[in-house]
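We just call them A, B, C, D and E in the order they show up, numbering each chain from 1.
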Amino acid sequence: MTATAPPAEAVQTPAETAPRSAWRSWLARHPLAAYALRRFGLYLVELWGALTIAFFFFRLMPGDPIQTLIQTLQQNYVYNQQASTEIIARYRAEFGLDGNIFAQYLKYMENLVLHGDLGPSLISYPTPAQDVILRSLPWTIGLLGVSAVLAWIFGIIIGAIAGWRRGKIGSAIATNLSIALSHVPFFFVALILVYVFAYSLGMLPARSAYDSRISPGLSLDFIGSVLKYGLLPALSIVLIGTFGWILSTRMLMVPVLGEDYLVYAEAKGLKPWRILTRYALRNCYLPQVTAFGISLGFIFNGNVLVEQLFNYPGLGTTLVTAIQQLDFNTIIGVTDMAIFSVLTAVLLLDLLLPLLDPRVKYWK
Amino acid sequence: MRVLNAVLRTVRNSKRLATGLVILAVMVLVAIFSPLIVSSIGGDTDPLEMAAYEKWLVPSPDHVLGTDQFGRDVLAMVVSAMSVSLQIGAIAGVISTVVGVIVAFVAGYKGGWVDGVLSTFTGVLLVIPTFPLLIALSAYAKNVSLFQVGVMISIFSWPFAAKTIRSQVLSLRSRPYVDLARVSKSRDLEIIGTELLPNLLPFIGVGFASSALGAIFGLVGLEVIGLGPGGVIDLGQIIFNAINTGALTLGAWPMFVVPIVLLTLLFAALNMINIGLEEVYNPRLRGVAGE
Amino acid sequence: SGSGSYSDKPADNNNKPAAQKSIQIGKANIPTPRDQTVIVGQVEYTVFDSFNTMIPNGWQSGAGFESVCREAMFYLNLATGELKPWLATGYKYNDSHTELTINFEPKAKWSDGKPLTANDFKFTMMLLRDRSDLFGGGGELKEFVGEVVVPDEHTAVIKMKKATPRLHYNFVAAIASPPFEVLPEHVWKGQDPTKFKENPPTRTGPYKLKQNIRNQKMFVWEKSPDYWAKDQLDPAPQYVVYQSTSKQLDSAALAFERAEFDVGSIDEQHAKQLRNNGYPSMVTTQFHDPNPRMLWLNSDPARGVIAEPKMRWAINYCLDREKIGKSIWPVEVPPAIYPWADYPGNDKWKNDELANKYKFEFNPEKAAGLLDEIAPKNAAGKRTYKGKEVNLEIITASPVDGGEYAIANVLKTELAKVGVPATLRSLVGGVHGEKFERGEYDIDSNWHGFAFDPEQLYTDWESSKAQPIGKNAAGKNKARFKDPKLDELSLKLAQLDPTSPEAKPLLDQALEIYFQKLPLLPVIQTGYPSFFNTAFWTGWPTDDDLYQVPLNWWPHFIFVLGKLKATGQKGPA
Amino acid sequence: MSEETVLEVSGLDVTYSTNRGDVRAVQSVDLSVRRGEILGIAGESGSGKSTLAVALLRLLKPPGKVTGGSAIFHPKGRSPVDLLKVQGEDLRVLRWSALSYLPQGSQSSLNPVMRVGDQFRDVILEHAPERKEALSELIERLLAQVGLERRVARMYPHELSGGMKQRVLMAICVALEPDLVIADEPTTALDVTIQRVILQSLADLRRDFGVTLMVISHDMGVHAQLVDRVAVMYEGRLVEVGDVHQVFKDPRHPYSRQLIESIPRLGRRAS
Amino acid sequence: MTAGKVIELRGVQQRFHARGTPSGYLTAVEDASFRLDAEPPQVVSLVGQSGSGKSTIARNVLGLQKPTAGTVTYGGKDIFKLSRAEHDEYRRNVQPVFQDPYSIFNPFYRVDRVLWKAVKKFDLATTREQGLAMIEESLQAVSLDPGRVLGRYPHQLSGGQRQRIMLARIHMLRPAFVIADEPVSMLDAQIRKMFLDILLDFQRDHGMTTLFITHDLSTVYYLGGQVMVINKGVIVERGPVTSVMHTPSHPYTRLLLDSIPQPDPDNRWTTRIKVDDEESLPPSDSQEVTPII
C-alpha cells in the first residue's frame, strides 16, 4: 500500500455541512411528516392527471351527445320532430359543451374543485350530476363497500391458513376451490343464490333494497330491513371476492413460510394459530392493504349486473343508464368519484402503512 | 435455455404443473381444431348459423348440449367460443404481461425519476374506471379485429401487472446475486432476464393468468357496447346470453354450466402451472410435500 | 330430431294437458295492499321527481304517468281501429283545411278540481308554438299554427298558416302518446317551462301520484276520488304500482310466476314454459307493433354500392323473412312486405298488384345475379364496386342478444354466401344514434312505421331533407333518400286527405317508387306478446277479446285497467 | 457441575435425500450432555453440526430425515422423553420451557413487524402465563442480563444491530430458564468485539441461570474461551469428546489435532 | 496479468438516507483515501467492527455503488466513466468475494452456474470439458468435492460450502485485484487457513493484490502486509500489519486486538468489555418494504 493519505492518526471527521434551510432541516428531522407531504403531493398530481385524462377522453369523443340524445328522445316518444337546433344549442350551453375545449376544461375544473359541481345530469335533467350520483352512492357503498371489506377479511384469513397449512387436505380444498371459483362471475353466483334462497326456500327477498312498507329512517325496522334485503347481493359478492383474496394471500404467504422467524417461532413452541396470526400473517398481509385500496375502484364499475339482478338502487345502474344516454356529466362524475375514492383510499393506506409495518422506508 | 431446462425439470417433478399443462394443451388443441369440430357437428348445415335448428332444444344425441334461443348448436358454439376466448386471453394476457413486466422492470430497476414518472402513470391508469372509457372508444372504432380488442383490453390491464411486479423488482434488485452478476460482466438486460425474471415467474404467471381471464370476461363487456370483434362467439358471450335469456330457470343448463366449467378449468390449469413455477422459483419448497 | 325444447311440457304427460298447478304467491315489495293493487313490471327508472315532458329526461316514461295520470284528447285503438274522443269531443276542418275546430269535453276536470277548458289548450299550444327549445315545441306547430281562438270555454279554433289535413294527428294517442298534450294553465302559467318539475303532476286522469320511491325504483299511483269521467271509466284497482324488475330474466320470470307482478316482467320463452307446465294464472296477449322491423339502407351515393337500387334488391333477395319470422323473433310472426303494420285499418294503403310485380322472395341466386351486374368479382374473388372492394357496415342499437341484432346477423350470413362481406356492430344507444343521424352506416337494423297514413313516411323521404354524410340529419330522412318524382308526389299528398279518392293514385305511384328503390327494407311484422297474471286481477285483453292495445306503457292502458276485476285473492302477510 | 445428564443422544442418523442420492449428514452420533455444562461442538464446515442441532430440536425440514437413533431428554421435574419421538402438543410444551434454541441466522429470526418486548411476551405467556403480572420487570431483567437497556423492548428488530439482535435472542432463550439451550454458531456473523460481548453473556447465563448450553462453532477460539467440554465432528461423525483442556492440549483424534493446529494465531505467519 | 494498474480512492464519501438522524442521512464512509497497486502484489487488510463501512468501501471499489463524493479510479480513470473496453478490463481484473454466502446465490439456479458464468463471461475455456476441468480443479483447490457440490442448489449446501464456492470462483478467475469482503467468516480454521494460503500463493504466483476485509485481526495478522483500521466510516489507523498490531496507536485498534478469542482454554478473558450499542446503527435490511409510490 502506498500512503497517499495523511498518516493514520490524522484522519478527522469533517464538520457536518450546515443545513440549507430551517424548513429542510425540519423535514429531515421529521421524516414521517416529510413522507406524508411528499405522498400528498404525489396524490395531488395523480388526482389531477386522472381527472384530466377522464375529462378529455370523453370530451374529445366525436359526435355530440346532446344532439344525439335529443333526437333519440324525440324519436322514441314521437315528439314533434323539428330542426332541433334551438333545443340543442340551448342544452349544449347548459351542459358546458360550447366553446373551446380548453376553456371548457378550465371551467369544468373550476366548478369541480371550487364548488364540487359536475354540471347538470342528462339522465335526470336538470338535477345536477353530483346529486344523481350522491343519491345512489350510499347504497353502493353500503352494499359493495361492506361486502368488499368482508371479502377481504375472510380472504386474508382463509388464504393465510391455506398457505400455512400447505399440504394439508383442508388447505388443498380451499386452494382448489378458490382456483376454480375465483373467476366465476359474481352475478352467476347471485343468480343461484336468488334461486335457492329467495325462490326455492323463500327465506330472503329477491329484489330491492328494503321493505317498501317501512319508511326510510334511522329506525331499527328500517335497518333490519336493509340488512335483510342486502344479504343475498352481499353474499354473492363476498363469496366470490373471498376466493380471489384467498388465492393472492396464499401466494404471498408461501415465501414468508420459508423465513427464519417462522422456524424460530415454531421452535419457541408457540401455538400454531398464534404463529399464523402474529408471525406469518402480519408479515404478508401488507401488500394486500394496498391491493384492497386499488380494488375499491371496482365498486364503481364492477357490479352492475348484481345491482341489476337485485334491482338495487346503486351507482352501477346509474352509470349504465348514463352510458346508454351518453350523459357525460354523470359518466365523468362517476369516473371522477371512482378516481377520487381510490386515490384517497390508497393515500390513506400508504400513510397508514408505516404504522402497520415498521419496516417501511419513508424515502424512495 | 436455462429457464426452459428448469421448467422441463420441474414438469417432471411436479404433478400439478404437469396436470395444468395437459389441461391447457387439450384446450388449445380443441381450439386449434375448432373449425373441423364445428363442421363435423353440423354436417351440411353450419351449426353456428342463426336459426340453423329449432331454438331451445334440450340436449339430445343430435345436439349434445342442445340449442340456444336462436337455434344454434350449443356444443358447436362452445367449441368455437373456446378458441376465441383462448385467443383473446392469450393476446391480452401476453400484451399486458409484457408491457407490465417491461414497465415494472424499467421502473424498478432503473429507479429515480424514470420510476417516478412510470409509477405515477401506472397509478393514474390504475384508478380510471375502464368501462366508460371503453364506451367512448367504441365511438371511434370501426371494424375491430380480435387482436385490436386484445390491445384495447390490455391498455387497462397492464398496470396491475406492472404494479405488483415493480415492488418485487425493488426488493430483488438489491440482492447480492444481482451484484455478483454485475461484476461478472452481465449487462442490465441480461441481469433482468436471467437473474430477476426467473424469480418473478410466479408473479408474472399470476399476472398473466388474471389478465387473460380478465380479458376473456372483458370481451363480453366490449361486445355489449359494440367493441367486439364482429361475428365471433366467445365463452363469456355464451354465459352472458344464458343470463339474459334466463337459461337457468328454463333449465338450459348447458348454456352456462359448460362455459363456466371450461373457464374454471382454464383458470385452474393456469394456476396449477403457476404453483408449479412457484416451486421452480423457490427450490426450498421442493420436496415439501406439495398439495 | 325427436327432442323437444326446454319450454315444452314434460314428456310424461305428452298429450294430456298438464295438471293444473296451484300457484305459490310471493310477497310483492309494495307499500299498498296487494289485493287492491295492480303491479306493472318495467325495466329501469332514473327520473323520479319531475314530470315535465318538455325537457330531456324531465320525466320518466313507462312509469305510469302517461298511462294512468295523463289523458289524451283522442285515443286511436290500433287493436280495433276505433277512434275514441276523450278530453275532446270532436274535431273538424274547414273545407280548405286552413282551420281546425276542436270541441272539449265540458265535464273534464283537472285533478285539483279546476275545469279543463279550451284556454288550457290554447295556453299549451302557444307555449309550444313559440318555444322551439322545448320538446314538442316548434316543428309542425310552428309550421302550421297561426292563431288559436277560443270562442267559448269548450271550443278552440286553430287558424293555420298553411293548409293541412293532418294537424289533428298531433292530438291523437295512436302509437304511444300523442305528440301534443294539454297542460293545466293555472299550474304552468308563469313557470319557466325549462326548469319546472311539476312534482306531483296535476292532470286529468283517474289516478294521482301517491309516492315515487327512488330507492325502490317504484311509482305508486292512487285512484283519484273525484275523477271526472267516472261514469265511463272507473277502474277497480285502488292502486297501480309501476316498479322496476330485474333485468335478468331468471329472476324476473320467477317473480311473475309467484304473482309478484300482474303485468310484464316475463318473456315469451319462460311464459311458454309456464303455459306448457299448466301454470293456471297467465294470460298471453299478442299484439302487433305498429312498427315492423326494418332495415334502413343508406341511399347516399357517397356510401358506395348500397345506394344502388339493384344492391338493395340483392339484399332483399338475401332476406329469408320466413325463417326470421319463425326462428329469430321470440314469437312467430309473418314477414313484412309493405313498410307498415298489417292492421286491417292499413289494408287500404296496400296494392297487391304492385306487391306481386315486385315480389319479395328469399332467393340468393337472384341476389348473386344482381350483384354480378353491379359489383362483379375481381381476380381475387372479391366483389368490387367502382374499383373498391365491397364491404357493408351494419349497425344496430339492439344488444347482441336482441332481435334486431339477430336479424342483421342472419342477413350478414346470407350476404357472405353471395360474396358480400359485412361487419355487424351493436352500439350503445347514444353512440348508435350519432352514427345513424350522420349517415355513417350502410344498413341499420331498426324499426319504422306510421300511425295514420303512408304520407307520414313519404314526407320524410323528401330530397330536401337529405343531409350529406357526416352531417346530422336532425331526425329527418336518415336514409338520405332522394327521388324527384317522390318529392313531387309527397308535396301533393301533403295537401290531400289520404282517404280521398284523389289521393289513392298518388299513393300507389309513391308505393311503386318504394318498391323500385327500397329506401327501407321491411323484414317482419313485429309481434309483442303481453303477459298478464290473473291471480289477483282478471279481465285482461286476450287474443280472443283484444278490446284494447295491451301495452302497459301506452296511454291506452287506462282502458285495460278500467276492465279489470279483482279475484278476491289476498296477498301473503 | 453434576454428573447428571440432561440429554442422552445415541446412534443418531440424519439423511438428506437429494436427486443425486442421499447425504448422510449425521452418522451414528452418541453424545451425552451434562446438566449445567457448556458443551462445545466443533468441526469443519459441512460436518453436520447444524444438522445435529436442528434434528435434536425437531426442526429438520424435508428432505432431511432422522433415520435412526434416540435422544433421551431429562427435563427438570418432568419425566424423560425421547426428543426424536415426541409429537404434537407434548413437543410444543416441551419447547422453550425445557429446550430452547439460538439459531445460526439470528439476523432474521426475529419477527420484523413485532416489537422486541412483544416477542418476549409471546413466548413467556405461552408457556408461563402465571408470570403475566411481573412481565415487564422480567423482560427488563432479561435484557439487562445480556447488557441491553430496557428501551430495547420497545424497538423493532430492524432498529437493532446484529449484535443486539443476537443478545435479544439469547435473552429470549433463557426467559423460561430451560434445561438446555442449543446455540448454533452464536457469534459467526458478528465482529470480534461483539463476539466477545456475546461470549461473556453466554458465560453469564450459565452462571446466573444455571442453564445447560450446547454451543456449536467452527471457531476453536470460541470453544477455548467458553466451553467446558468439546465434541469434535468430522464428516457427520463424532470423532472426539472431551474436556476442553484435554482436547486442546492433547487431542486424541488426528482430525482434532489438525483442527487445533490450523488455528491462526497472532505472531505466527505463513510466509 | 495487467501490470502496473492501480486502484485509487480519493476522498470517498458515502451517505445514505436514514430516518431519525438530525441530518436525514447517515454517513457510512467519510473521506476514505487509499490505493491498491498491482505492482508489487500485496495484501491490504481493512478491519473494523460491524457497520463501520467496510462493505460500503468494497462496493465503491467494485463500482456497485457510486460514492456521494470523491472518486474511485482504475488506472487513473474514474471507474464510473470507463469506456466499454476499459470497463471490461476493469471487471476482468477486479473481482469480489462477497460477505453473505446465503444470498449470493440465486435460489433459482444450481450453484454451478456461478462458476460456469465466470468461465463463459471471461472466456476462460474454449470447450466444455476444459471448463469443467477448470471448475473441478478450483473446487478441489478449496477442498470441495466437486461430486458433492456440483448440481446442488444453494439451500442444499452449508454456509461454509457456499462461501468456498465463491472462493473457487476467484481461484478460477485469478484477477489482479480481489476485493474480499469477509470471505472466511463461515469457515472453520483449517479451511480458513487453507484459503488464506491460497490468497498468499496467488499474490506470489499470479501477482494478485487483495483488499481483505475482515473484523478478525488474527486473520489479518496471518496475512501480513498493510492494514487499515476503520471506525465509524473513518480510517483511523493504517500501516504495516506488524507495527499496527504491536504498537496500536488508536484505542479502537487496541479494542479489536483484545477481542480475538485466544484458542487456549487456560487463557480465558478475565476482564469484560462493553460496546456502545447506541453507535451501532441498524444494518441495512434487504427485506425492507417500501410503500409503492
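In this section, a contact is a pair of C-beta atoms (placed from the backbone, for glycine too) under 8 Å apart; a residue touches a chain by one contact, two chains touch by 3 or more.
In this text, all values refer to a predicted model and were calculated from it rather than measured experimentally.
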Farthest-lying chain, centroid of Cα atoms versus that of chain B: D
More contacts between chains, D-E or A-B: D-E
Averaged-CA centre spacing for the pair chain C and chain B, given as whole angstrom: 43
CA centroid of chain A to CA centroid of chain E, Å: 49
Inter-chain centre distance, chain C versus chain E - centres from mean C-alpha coordinates, in Å: 87
Whole-Å separation of chain centres (CA-atom averages), chain A against chain C: 41
Per-residue multi-chain contacts in chain B, two or more chains: 116, 135, 139, 163, 167, 225, 243, 248-249, 282, 284, 288-289
In chain E, residues with contacts to at least two other chains: 285, 287-290, 292-293
For chain C, residues contacting two or more additional chains: 247-248, 250, 254, 428, 431, 434
Parts of chain A lying in touch with chain C, wherever the complex brings them together: 62-65, 67-87, 89-91, 122-127, 132, 135, 139, 187, 191, 194-195, 198-199, 202, 205-213, 216, 305, 308-311, 313, 317-318, 321, 323-326
Chain C to chain A touching residues, read off their complex: 26-27, 29-31, 44, 46-50, 53, 55-58, 61, 128, 132-142, 170, 175-180, 194-195, 213-218, 244-248, 250-251, 254-255, 258, 428-431, 433-434, 437-438, 472, 474-476
Touching residues on chain D, where the partner in the complex is chain A: 57, 59, 61, 91-97, 100-101, 103, 105, 108-114, 122-123, 126-127, 156, 158-159, 172
Touching residues on chain B, where the partner in the complex is chain A: 111, 115-116, 120-121, 123-124, 126-133, 135-136, 139-140, 160, 163-164, 167, 202, 206, 213, 217, 225, 239, 243, 248-249, 256, 260, 263-264, 267-268, 271-272, 278, 282, 284-285, 288-291
Chain C to chain B touching residues, read off their complex: 1-7, 247-250, 252-254, 267, 269-270, 273, 323-324, 326-328, 330, 393, 395, 399-401, 406, 409-410, 412-413, 423-428, 431-432, 434
